Amino acid sequence: MTDLIHRNSSGVFVIAATPFTEDGALDLASTDRMVDFYLETGVTGMTILGIMGEAPKLSGEESRSFVKRVLARIDGRVPVIVGVSGAGIDPMRALTAEVMAAGAAGVMLAPMQGMGPEDRIEGYFGQVCKALGPDVPVCLQDYPQTTGVRMSVESILKIARDNPQVVMLKHEDWPGLTKLSRVRAETGTGEQPRLSILTGNSALFLPQEMQRGADGAMTGFAYPEMMVQVVDLSLKGDHDRAEDIFDAYLPLVRYEQQLGLGLAIRKETLRRRGVIATAKVRAPGPVMTKADHDELSRLVARLEKRLGELG
Amino acid sequence: MTDLIHRNSSGVFVIAATPFTEDGALDLASTDRMVDFYLETGVTGMTILGIMGEAPKLSGEESRSFVKRVLARIDGRVPVIVGVSGAGIDPMRALTAEVMAAGAAGVMLAPMQGMGPEDRIEGYFGQVCKALGPDVPVCLQDYPQTTGVRMSVESILKIARDNPQVVMLKHEDWPGLTKLSRVRAETGTGEQPRLSILTGNSALFLPQEMQRGADGAMTGFAYPEMMVQVVDLSLKGDHDRAEDIFDAYLPLVRYEQQLGLGLAIRKETLRRRGVIATAKVRAPGPVMTKADHDELSRLVARLEKRLGELG
Amino acid sequence: MTDLIHRNSSGVFVIAATPFTEDGALDLASTDRMVDFYLETGVTGMTILGIMGEAPKLSGEESRSFVKRVLARIDGRVPVIVGVSGAGIDPMRALTAEVMAAGAAGVMLAPMQGMGPEDRIEGYFGQVCKALGPDVPVCLQDYPQTTGVRMSVESILKIARDNPQVVMLKHEDWPGLTKLSRVRAETGTGEQPRLSILTGNSALFLPQEMQRGADGAMTGFAYPEMMVQVVDLSLKGDHDRAEDIFDAYLPLVRYEQQLGLGLAIRKETLRRRGVIATAKVRAPGPVMTKADHDELSRLVARLEKRLGELG
Amino acid sequence: MTDLIHRNSSGVFVIAATPFTEDGALDLASTDRMVDFYLETGVTGMTILGIMGEAPKLSGEESRSFVKRVLARIDGRVPVIVGVSGAGIDPMRALTAEVMAAGAAGVMLAPMQGMGPEDRIEGYFGQVCKALGPDVPVCLQDYPQTTGVRMSVESILKIARDNPQVVMLKHEDWPGLTKLSRVRAETGTGEQPRLSILTGNSALFLPQEMQRGADGAMTGFAYPEMMVQVVDLSLKGDHDRAEDIFDAYLPLVRYEQQLGLGLAIRKETLRRRGVIATAKVRAPGPVMTKADHDELSRLVARLEKRLGELG
């Protein structure tokens, strides 16, 4: 039996890709290999069916099949969060019930595209949490760059107070360092319960975020071992070494962080590393040009050289 | 065997609601009654699973069940367009194949949320049309208020030239009267094939749109008989009478045209007219207040008085 | 000495156009005539240098010259609100000081384009109010369709509590009837001071807004006499007669309410009514086509006929 | 007499800050020092009154005073581009005439906030260029993250073809590497004249952009000497050394690239470097927290260490 996510969850919850074969079908063999790869890098959790997992492009049957395969392969070794955001509360409730029964550790929820102003956001999360039931732990995703919804710190705190099952924040507002500092300082005090804070945005500010009190990362950078090292070193207080390692990867982190195109770069990197069989992204989706491929090769070669120097 | 939609389709393609029971299940008995009601008002077609049909809130099974019920009840008397817009091309292709096999007359496609700039829009429709196959007639939906995507007249023309299966435009850019005039003037000439133009936006400008060359309406105003009369009279050239009738309904058209809330008002009006059993909108969705209900009552009472005076 | 605007200001504050000559210069002769025209229709106030007044297209000198001309012509007979929204607080403070010294009755402020989330909106208004000084009455403009900023009722109330000089709300969120009802119900009670609520959006819902407790209208519909009658009748409780008159104008209200293009239609209507010498809109700006002109003629002819029938 | 900008302009056109004293007045002494500093770093041009120069927060008098001071100090040693984007064409024409007469080398133009779809963008630039007159060289700014306007490559090419005075592109769409490659490949061929391409976005992809054919950078990173070195080395083909230097600065480049907050970080860095007297940003504007200050100190210390190692 897997542990549920909770207010002190920490480490790296890697956002898993969804592997496809060249003709676009789910690639379950690559899925197994990818799960093994992630576990070997030392991640403490996994998040599936997020935007980067191309969830909206899967049929209901495919989603269920993928979730089951991942959960079976992991077999309780680390907790798995499933993204369930959608347009209707009924489908979200049904999907949640199903994945929790299958062994998921919690679900991730983002506000609906274009929703607002804030009182409607807060009401919406209350409605959804009630529908999911109080026993389902929720990770609240704050990602205005794709949802178009900007949540204030006050809104995040209120949602967490009103819905005790909201135990985790996926922080990826941008610029968002001050917001992270505020959520850290204003939770876990008095009547405001603690939130586990895991950060996204392809890890572009990971050492800084750790120094400001994040509990770890939740993003899909194709070298999860970097994130594991940086988070571990940061939690131990060795910020210099954490930043030395991070900075070596930063040219590539920055490259993979390109909104939209980043998914193609990430899958191509995982393919080159032997993790998944193809870099296929379902249509409509980004496609790397010849120049992009060459650029990636160059950046990877420079990374390897730099890691050698770093020792 | 139903006729497919084509470049000269005209009249009123009513956007059908999706009726639910009070506890949120699909209400198929109300669905039958609604189909009968629409046919009695004289509509020449029907469009289902659009945004106003709450398509994104239905599960795959519910969508299929609803489509089949509607097609069975209509039994080929008028063509039915099915909204298939989604995030992934594969699910769109699968849904399209299924509904066309079941007797649909064509599908409606909108650009994806936030897509742009224009060359990507054009490429996207090319990709989707190729995936659906050349035999599936497509209605292109131009609705920037909800998609966030603004298409130029040039883009619409290019998409129609590049993809001969695009035979119809659902026009609901706003303000959009000049755009409508331009599309009418610049199609059906030389190398640019004609497009059937049906207008949306809850019919707020229907007489003006007909005078500018629209072929009819495609929207879900809860008094479809008004749209049928206005379109018929306009096509016969009796614009004065068309506007007299339209203006009597205008206070209510304007009231129902409120973005978002309009769906609740429309369903409540259909409920009051005895068409559907409940005004239930699936969560998250708009809810009418007591003040809204009273306002609607007042507007309906005034409409009835005015229709009496009009004779 | 003009009275300042206050928490009980009511009636019609017409949004004044800014008249230009055919070659684009400020037309001060037309300005005088326009002021006289507005006063003759019975407006109780005037608002200048709003978006519809093309404020961002005026140079600083032109703005000052226009404000002075309008204030001189009105000569204290009705209060004048000046729109001062801008990108920097220093220029806003300077403009405010100048127009208040010249006899303005208050200023209108909107949030900055794209600002958010809500705590920054509230902080921003605090900052601006402090800069303007506590003696300058402020009308808060809630117009998300052009600012892109959605304010919750809670934010509006907080801004009004924190800044006692905010005495008026220009309400033009859309759909916004429930918001209006809430602001009316939740102000003027206990610690939340009353706000004068004047409504915008070209008056598209004016009778409904009055029935929900608005104090009047602040918009620029080219037949201000309609707004004056509807507001007066509504304040007296004669809602039937108010709606009879409003409904006669509604086809034209709806036509003028087209975002962007509406300004050209409004100026052309004022020109046809002999109020301003030209319908010139400064570039870049909307231009009416031949079809638009014909449509306007038709709508005006129908209005006149209808008014004749109405008696 | 300064040279005008042209189709082969290259190097680094630094986006200049606008220095203020602590109480918010223009700081002309710091302006002189800043100009000297920029010239010493080896920039080949300067761009003033851009968004980062807080142009919209200056009064007309302040803008003119600042432009004159900068031009006087530079005294023709490098060309100066002046940002003139605004809401009205008349004020843009007036400002352009004035700065060109004072010795500017060209002007920079961005599309208006929210403008679109594409045919209106193209028409708009035609209208503006005509108003400015054919002798004024124009740098077209493509910056959708702040303007909200996404321009296709086709639009950029058409604007450049239709308006021969458009000789330069400030490229800062994001992700935008493929767009840059396309503009480079599709200009300077046949009927499509060459464009100088200078890149923005705080230089986050500068070596990659140079490798794809950019002519240089136009952004305000607070260490312009890095940009000068990277551009020079790249133009000579020494991409390895260019990237070595760039990567050393990348943690700081990324830090300064935070939208909005970046301006405060940039000014604070210039202040610490002794270039300007205060880091004052005019209200409303970003403010650095204590944590931000400490973070910046840490990043600068690490940069210095790294530069020492790099030799």
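Annotations
By letter and in written order, the chains are A, B, C and D; residue numbering begins at 1 in each of them.
To be clear about the criterion, contacts are C-beta pairs under 8 Å (C-beta built on N, C-alpha and C of every residue); 3 or more make two chains touch, one makes a residue touch a chain.
What you see is a predicted model, and the numbers here were worked out from it, not measured in a lab.
As for how the two copies chain A and chain D face one another, over half of their interface residue numbers coincide. The distance from the centre of chain A to the centre of chain C, with each centre set as the mean of the Cα atoms, comes to 46 Å. One finds 38 Å separating the Cα centroids of chain A and chain B.
Chain-to-chain contact here is organised exhaustively, every possible pair of chains being in touch. Note for the complex: chain B touches chain C at residues 174-175, 177-178, 181, 204-205, 208, 211-212, 243, 247, 250-251, 254-255, 258-262, 289, 291-292, 295, 302, 306. Within the complex formed with chain B, the residues of chain D that make contact are 116-120, 150-155.
Remark: chain A residues 24, 54, 56-60, 86-91, 94, 112-114, 124, 127-128, 131, 148, 282-284 touch chain B in the complex.
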